[in-house]
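These are the structures, in structure tokens.
Both complexes shown next keep subunit A, but they swap its partner, so subunit B is in the first and subunit C is in the second.
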Partner chain A sequence: MQAILSFEQAPPMAAPFRFFLTAPLFALLAGLLLLVAGPEALLSRWTPGALALTHLVALGFVLQVMLGAMIQILPVVAGANLSHPLWVARIVHALLLAGVLCLAGSFLGWFSGFVPAAALLGAGVGCFILMAALSLRGVPPTSATITGLKVALLSLAAVLALGIALAGGMGGSWSLPMVETIHAHAGWGLAGWGLGLLSAVAYVVVPMFQLTPLYPHWFSRFFGGSLLAVAVLATPAVLFGHDVLAGLLQALLVWIAAVFCAMTLWLQARSKRARPDTTQRLWRGAMQSGLAACALWALVALVPALGERDEWPLLFGVLVLAGGYMSVIIGMLYKVVPFLVWLHLQNRGRGKVVAPNMKAVLAEAPMQRQMRVHFAACALLAGGVLWPAGLARPAGLAMVASAVLLAINLLSALGVYRRHAALVDARLAELGLAEAGVGRRA
Partner chain B sequence: MTTIRDFMTDDHRRCDDVFAEVEQAVADGDWTAAGACFTRFHESVLQHFAAEESLLFPAFERKTGMSMGPTQVMRSEHVQMRELMQAAADALAAKNADDYAGNAETLLIMMQQHNMKEENILYPMCDQHLAYEAETLVPQLRAEMPGAGA
Partner chain C sequence: MKHPKSDRVIDARGLEPPEPFVLTMDALDRLPKGEKLLLLLYREPYPLYKALANNGFAHEAEQLVDGTVEILIWHADA
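Here is the complex of A and B:
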């Protein structure tokens, strides 16, 4: 019965949109932070500024959009129905926002809020994991996407548990091997959760939006499981300081990520679409940045002197988080937001009033403009790691500009929704259909 | 034996291919070719819808007793896609590339998310419930969709 219900239970628009609309705010805060803190923030990965910046982007932007998107896609791609999606969205969203701000403030030393941050994020993300797991319970793994979603969700639980352990350590609640735990936390976050979810979604959306061949069966069948298996094996090796084994398993994770990026680029090169649109370019940029990050990892493994420098982990982080995850997420927002606006307007009009098409909701030109500024911000950030004195502040400024343009684009799409919804309601009232619209979800 | 899922999924891919041909022709500014390809695309999709609505969905509904379930949602999405295809056809007739691109993009995503629900959920349910009928049903579906399975 679960699968049947999924056809009728697409979540209301307000459930995913609250995540999508507030995410640019955190990219903006990250940019402002870099602008104010300047070169010092980029001196090493351990500076308060770098830690706050990383979490503003990873949690405030990347995780936030991913959670909103997952609420939207669970019923569609997996036939998994989140119960009370709007309430889950409201609670998770509010706790996530408060938790990320509290965490960033704690990293910056403004107040000692690691324990409250852990409580807020633990409750918010924990609530999401629980509800998503309940919705996926009993859904048979009929596609690689469903398996991938399960892998991602398990990994998110690991990231969260390790994050809470770290916050407790930072807040003085207990002691633990911090550096090793941080490595495990970052590994689960970037590989298990991030790549687990990205690959699960990619199996569907890369062929779907870009009309490419499907990911090969051998690839999608084994990818999620391999990712999970290696992450599971690497965790004790990292936590208990088995350096050689940990290094090998981490390298294996990086190779797995590189294969995904290369495979996606290979498929995209076979797209049947006439010319790449903004989404496709952002995906391509993301996969190239991911490959660059993997190449950097390999280089550091080959040249140990590089591994001792403070720049390389920061550069790796910039390539993966800003160049990789942020790019792909912006690209997805540019498809999902206009489509959902169209879909909800179409449903609202009930066949009596035609909805504006996706490009009338959000045109290609402003998306492209924002994409260029975003890529410039990524380049400046990478440059800023290597030459903080000269490029840290320009990178911050570019991040601010990119976040503002993204917010303008998303809000303009919402503006189209609001204006057109009012028109639809007026038209339906003229037709005497207003009362039938009661209870409509939008 | 070909399953319902495999057969119908192949037809989705065939329609995607023709959709891409139209887009390519529009990008090249070849309105004559675009018009001809679009007619082929439009016909293929309408045949696919008709085969589902007249054969597959009724068989599923008879067998499961669910007439207001997934098939109902699929029918209403067919209505939305018919409207989008008409809007795209009008834009092509007016040689309005921007308007075509907007409607085609919306149609593509609507169509793909619809296909995904059918391929991952509805068709497997059809294969499960109509296991004995599939042997006669697939050839009937093929007869309704002249371009399919070619």
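Here is the complex of A and C:
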């Protein structure tokens, strides 16, 4: 019955893969930037280096993989079919890459490209939001995942709108309260979009790949809506400077994030797997880092003197972006990429040639090696915030090493696909079945 | 494993992808016309539904309180 394995709904492999394969390049650029700029980049979150670094990681790595993954998961977890997925992927990918590079160069003062960056990112991410929203139109909210995906998309639209407003402000097109808008932009990005998408996907992938119990119904049912409601309420409070109300609502968002991290760790502790694999360890590290970020937020709220120091927002950013989102994303890449290689080889083989085992596509040992270097980079980055003179460059070096190892791992999986695809084609040719090879579109 | 809905049951709730899909396909390969296969999962397998329809199978899914999704599959022309 292998012929049935043709997933008619699966987007072409090149659609998500282009995002996955170029994402490590931006982690590499972020590491190189830190290596070159050195301690000065980590003196405050407002330095050109810190701003460029943040956006290379947040947009170039985190957002890029998330968009690629969404193209893949919309049909799988929501039954929502993105129309023309390969074209959408090509356009969004090209505009995103150009936009991130333009933005990073502008932050570094190499050229004044904030407005073109906003136009490129606005067109690319806007195109993705539109196409994803169209695919989800009419899909009933029968699961927390579908609701969560909708919350995430709405939030991404808010992040984008605020980002374009900020870019216009930076480029001198108009004036606006910059600090307040930056807070709203970051809040929607980290909580609404990031956590909204992460939680929506987690309800499916944590039990599925990590063999844990399901997220409790009371939790998944209300999580996405609560996140959206608090983010919506917090926005005017932040933008119009109602400090007390904004502080309370932001604290509530942090608590919601902490509950998600704690719940995921609790589920992971109940996994049926005897020994956690690399993905599970990356998720665990991410959730611990997320909890540490929440604890830091609480500490700053309790000790206002800490809030006046330049280190804390940077440390919070490192714990959330590098320790949290990057870790989870690397963990997911290590499941999704071998699975897609297996799936497309299975389709290509048309039931006549069996695909290799997923563990043969990407072995545990190289994944673990990269994971260790990534966690070392996170620790050095956190340390670099507190002691820039001593640890900023080692952190940059570790980021470079982690990105290179990740790229090697992903490219080796692609190599397995290419080698095996050639074998499949040869075998099908022997059987006189070559012309109609399913999976050619990959 | 026996179940009131079918004697042919695949409990894939503790299995990692792609094992549930492969097991289901293998079982459908041997499913006689007139009989039904029951697949238990913790999620709705949307890609499977499409593959089933394309290959002449009908299905019926029911979500239970504990999060289990029961998918009953049979030959559409049986």
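We adopt the following convention: the second predicted complex is superposed on the first by the 432 of 442 C-alpha atoms of A that agree within 3 Å, B and C clash if a C-alpha of one lies under 4 Å from a C-alpha of the other, contacts with A are read in each partner's own complex, and residues count from 1 in each chain.
Note that a contact is a pair of C-beta atoms (placed from the backbone, for glycine too) under 8 Å apart; a residue touches a chain by one contact, two chains touch by 3 or more.
Here the structure is a predicted model, which means the values were calculated and not measured.
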| item | value |
| --- | --- |
| Touched partner set for A:H217, first subunit B, second subunit C, both or neither | second |
| Contacts of A:R137 with subunit B and subunit C, given as first, second, both or neither | neither |
| Partner chain in contact with A:R275 - subunit B first, subunit C second, else both or neither | first |
| Which superposed partner A:M358 touches (first subunit B, second subunit C, both, neither) | both |
| Subunit B versus subunit C as contact partner of A:M208, first or second or both or neither | both |
| Touching partner for A:V77 - first (subunit B), second (subunit C), both, neither | both |
| Common ground on subunit A, meaning residues reached by subunit C in one complex and by subunit B in the other | 3-4, 6-8, 76-79, 142-143, 204, 208-209, 211, 272, 339, 342-343, 346, 358 |
| Residues of subunit A defined as touching subunit B within the complex | 3-4, 6-8, 76-79, 142-143, 204, 208-209, 211, 272-275, 277, 335, 339, 342-343, 346, 351, 354, 357-360 |
| For the subunit C and subunit A complex, residues of the former touching the latter | 14, 16-18, 21-22, 25-26, 28-29, 42-44, 46-47, 49-52, 54-55, 65-67 |
| In the complex with subunit C, residue positions of subunit A that touch it | 1-10, 75-79, 142-143, 204, 207-209, 211, 214, 217, 272, 339, 342-343, 346, 358 |
| Touch list for subunit B against partner subunit A, complex | 16-17, 19-20, 23-24, 26-28, 66, 69-70, 73-74, 79-80, 83-84, 87, 98-99, 101-103, 105-106, 108-110, 112-113, 116-117, 120-121, 124-125 |
